[in-house]
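Single-structure report; data block below.
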Amino acid sequence: MVSLMGHSYMGDTGTFAHTTTGQVKEHSFYPYTDNGGSTLGITGSDFAILAGDTRSVSGFNINTRFAPKVFKIGGDDETGEGAHILLSVVGFAADGNALKERLDAVVKMYKYQHGKRMSVRACAQRLSTILYQKRFFPYYVHAILAGLDEEGKGVLYSYDPVGSYEREQCRAAGSAASLIMPFLDNQVNFKNQYIPGSGEGHALEQKKAEPLPRETVEQIVRDAFTSAVERHIEVGDGLQMAIITERGIEEVFTPLKKD
Amino acid sequence: MTDSCLKQLAARRIFQVEYAQEAVKQGSVVVGLVNKTHAVLVGLKRNAEELSSYQKKVIEIDSHMGIAIAGLASDARVLSNYMKQQSLGSRMTYGRPIPPDRIVSQIADRAQLNTQQYGKRPYGVGLLVAGVDEAGPHLFEFQPSGLTHEMLACAIGARSQMARTYLERNMDKFLNCSRDELITHGLRALKETLSQDKELTIDNTSVGIVGLAGEGAKGKFESFKLYEGQDTVPLLEAVEQSESGGNAGESMEVDS
Amino acid sequence: MNHLPEIWGRPRNDIYGSYNPSYLKTSGPITHTSSPTVTGTSVVAVKFNGGVAIAADKLASYGSLARFTDVKRLRVFANSSVVGFGGDVSDMQYIDRLLESIDIREHYSTHGNMLNAKNLLTYLSKVFYKRRSQFNPLWNHVLVAGFDGNGAPFLSSADLLGNTFSAPHMATGFGAHLAVPILRRLFPEERPIEDITKDNAVAALQECMKVLFYRDARSLDEYSIAVITKDGVEVKEDEKVQAQSWAFAEAIRGYGAQTA
């Protein structure tokens, strides 16, 4: 017998015949879980809103009814006081947390090294590279970044798990994204809304999308979530809304159905 | 070990360290002091020449801690970057601000290593570290030798003896004073070190303060605040007022 | 006599053939834990007015074998926090050593160990997250009970993926299914924790441990219970499920004595 390994432990008797035939064993450890939930962001002319439900699930289990998904970035201390950027993460919560903390550290170091606050635009680009650095073991999250741009207008960037990103007016992410997004298309970007009497058939004129006032946007957010709660089992318990304006960040918590 | 090295140790002196300490003595003065609620750092900024910018004297490390430097600014930058990293690391792994005594002993260990290892040189900078933890505000002095002390008040750098004299004489006053009075005491100590033709101005004065938050505040700590340029105007005015007011006699006493 | 010590106690080659060291596997791919071996089951905990109570039974199972029956799964930290471990027991012991070294390091500081339960949870979640990211997980689900930085009662969980959650009452493993509904009935969410006394909390945990013993096949009627208050941690490690009643078992058809 010629051993391919160049040596044999057995001797020739084969008493201790080794029976580990080349069966490939599957790794049974899966490093991700889906913690459910949904987030949503909408911008206005001088504000941006990021919102998320506060339920956290594993399978059919509710882990907790209060796990915030929207975080302040660039705050001075644990309270988040002095922050000027918002980040929402939905998907795998541990990755979301790790991502949030990395971005927060980056924004903090930026301030130390340059003596000024990091712009939302720069932060958005940096977040993209952070995500892409883990292209082959991704942060399993859908992130949305919000803040105010250089002119004081609301900005919002949305990301896929590996870092491709885009500036948008509004975006829904997470398990109920497919329920909420069409609603936003219609209510924020006025898709399929036409100016009455502007024409017949294809001649009908699309209603032009314009930045909405804050009260309207807040109501749209509430409606989006109360509706999503009805149709998605992973969404519910509480609604966290963070509104960023030139005066700072306001945070509002309201209850959602707990069923 | 070389013969000269042994001689140095026999005399309990390491010349390299003494030269480094000389660099601290030549740096412009910084003063630090604490009371029951706050820790203050004040520094006199120098410009290398008339047309150049002023050198940084007080640096924020984290929201609960800052340092004031005397000596080689570039060495201080290396140390402060290290401290920022350590501080951020503590917040990351434990979710808590690093206790000031911890980080001071870490830089002390680093500095001591530089006095003992072949091919290395000591840091040519002295630091005053001001920070808060659960127990309250703290002030530490750090020397190139790796020696550290917790202090109630301290001054290092050129002509710092004058400031120390002020601090020693007024210590009982500032231990129980208010936040703003503590800054004023710091600035008055700094003023003592100035030569005849010099004044404290908004360009050459740096003030940093950190402490426990007052009643009704959101967090437990009042975040480190750095005053420079226009921000120092009210602080310098407070110094003038305290001198022209009832305390004038005392400042005379110090001068005598 | 054979004078080579490394041969002593080994089977003789001339009788048994040469030793087969292949299981030692000095080459080939690195392998990691892909499932736990000796495991502990649920940990249950409740917040009450002025503190937190936490309990875990003393069984360590090897699959379906009740392997060790005196395993302490509550770990006191700095007389102010308690970590309750579910999952792999050897990983628990490894984490215990990590906590031990942190405790020692902290005591060098002038003010002693200032790490609170919240700091501890942050640390543990980072350890778990790092290990899961290396595909070499520590197979545990832990509850951390104690106080946060503001002195309020703190209860939170961390699992092998690095996920963390917090709630007024929590349970890991089977307890998430069996104990949490009991706790929710006793302490509805609208009832503030200030209304719950220490005795309420302890009684609730005793009830949970009983139900778990009835329905969790990997559980034991002996358990540890710890109560954390401002005064420190009070641990009892010789508790037993009281007033057991197996009468309900008679009603289960298809098992036991009944034939139809």
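Residue numbering begins at 1 within each chain, and the chains themselves are lettered A, B and C in the order written.
The rule is simple: a contact is a pair of C-beta atoms (placed from the backbone, for glycine too) under 8 Å apart; a residue touches a chain by one contact, two chains touch by 3 or more.
Since we're looking at a predicted model, the values are computed, not measured.
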Greatest Cα-centre separation from chain C belongs to chain B
Strictly by count of touching C-beta pairs, the top pair is A-C
Cα centre of chain A to Cα centre of chain B, whole Å, reads 43
Chain-centre distance (mean CA atoms) for chain B and chain C, in whole Å, is 47
Chain A and chain C have mean C-alpha positions lying a whole-number Å distance apart equal to 32
Within chain B, the set of residues that touch 2 or more other chains is 92, 95
Residue numbers in chain A touching two or more further chains are 78
Expected list for chain C, residues touching two or more other chains, is 149
Per the touch rule above, chain B residues touching chain C in the complex are 92-96, 99, 101-102, 133-135, 220
As the complex stands, chain C meets chain A at residues 16-18, 20-22, 32-35, 125, 129, 132-133, 135, 137, 149, 157, 161-167, 170, 176-177, 189
The residues of chain A that touch chain C in their complex are 9-11, 13, 15-16, 18, 20, 25, 27-29, 31-33, 35, 56, 58, 61, 63-67, 78, 92-94, 97-98, 137, 258
In the complex, chain A touches chain B at residues 76-79, 81-82, 101, 105, 108-109, 112
Per the touch rule above, chain B residues touching chain A in the complex are 60, 63-64, 84, 88, 92, 95, 97, 218-219, 221, 223
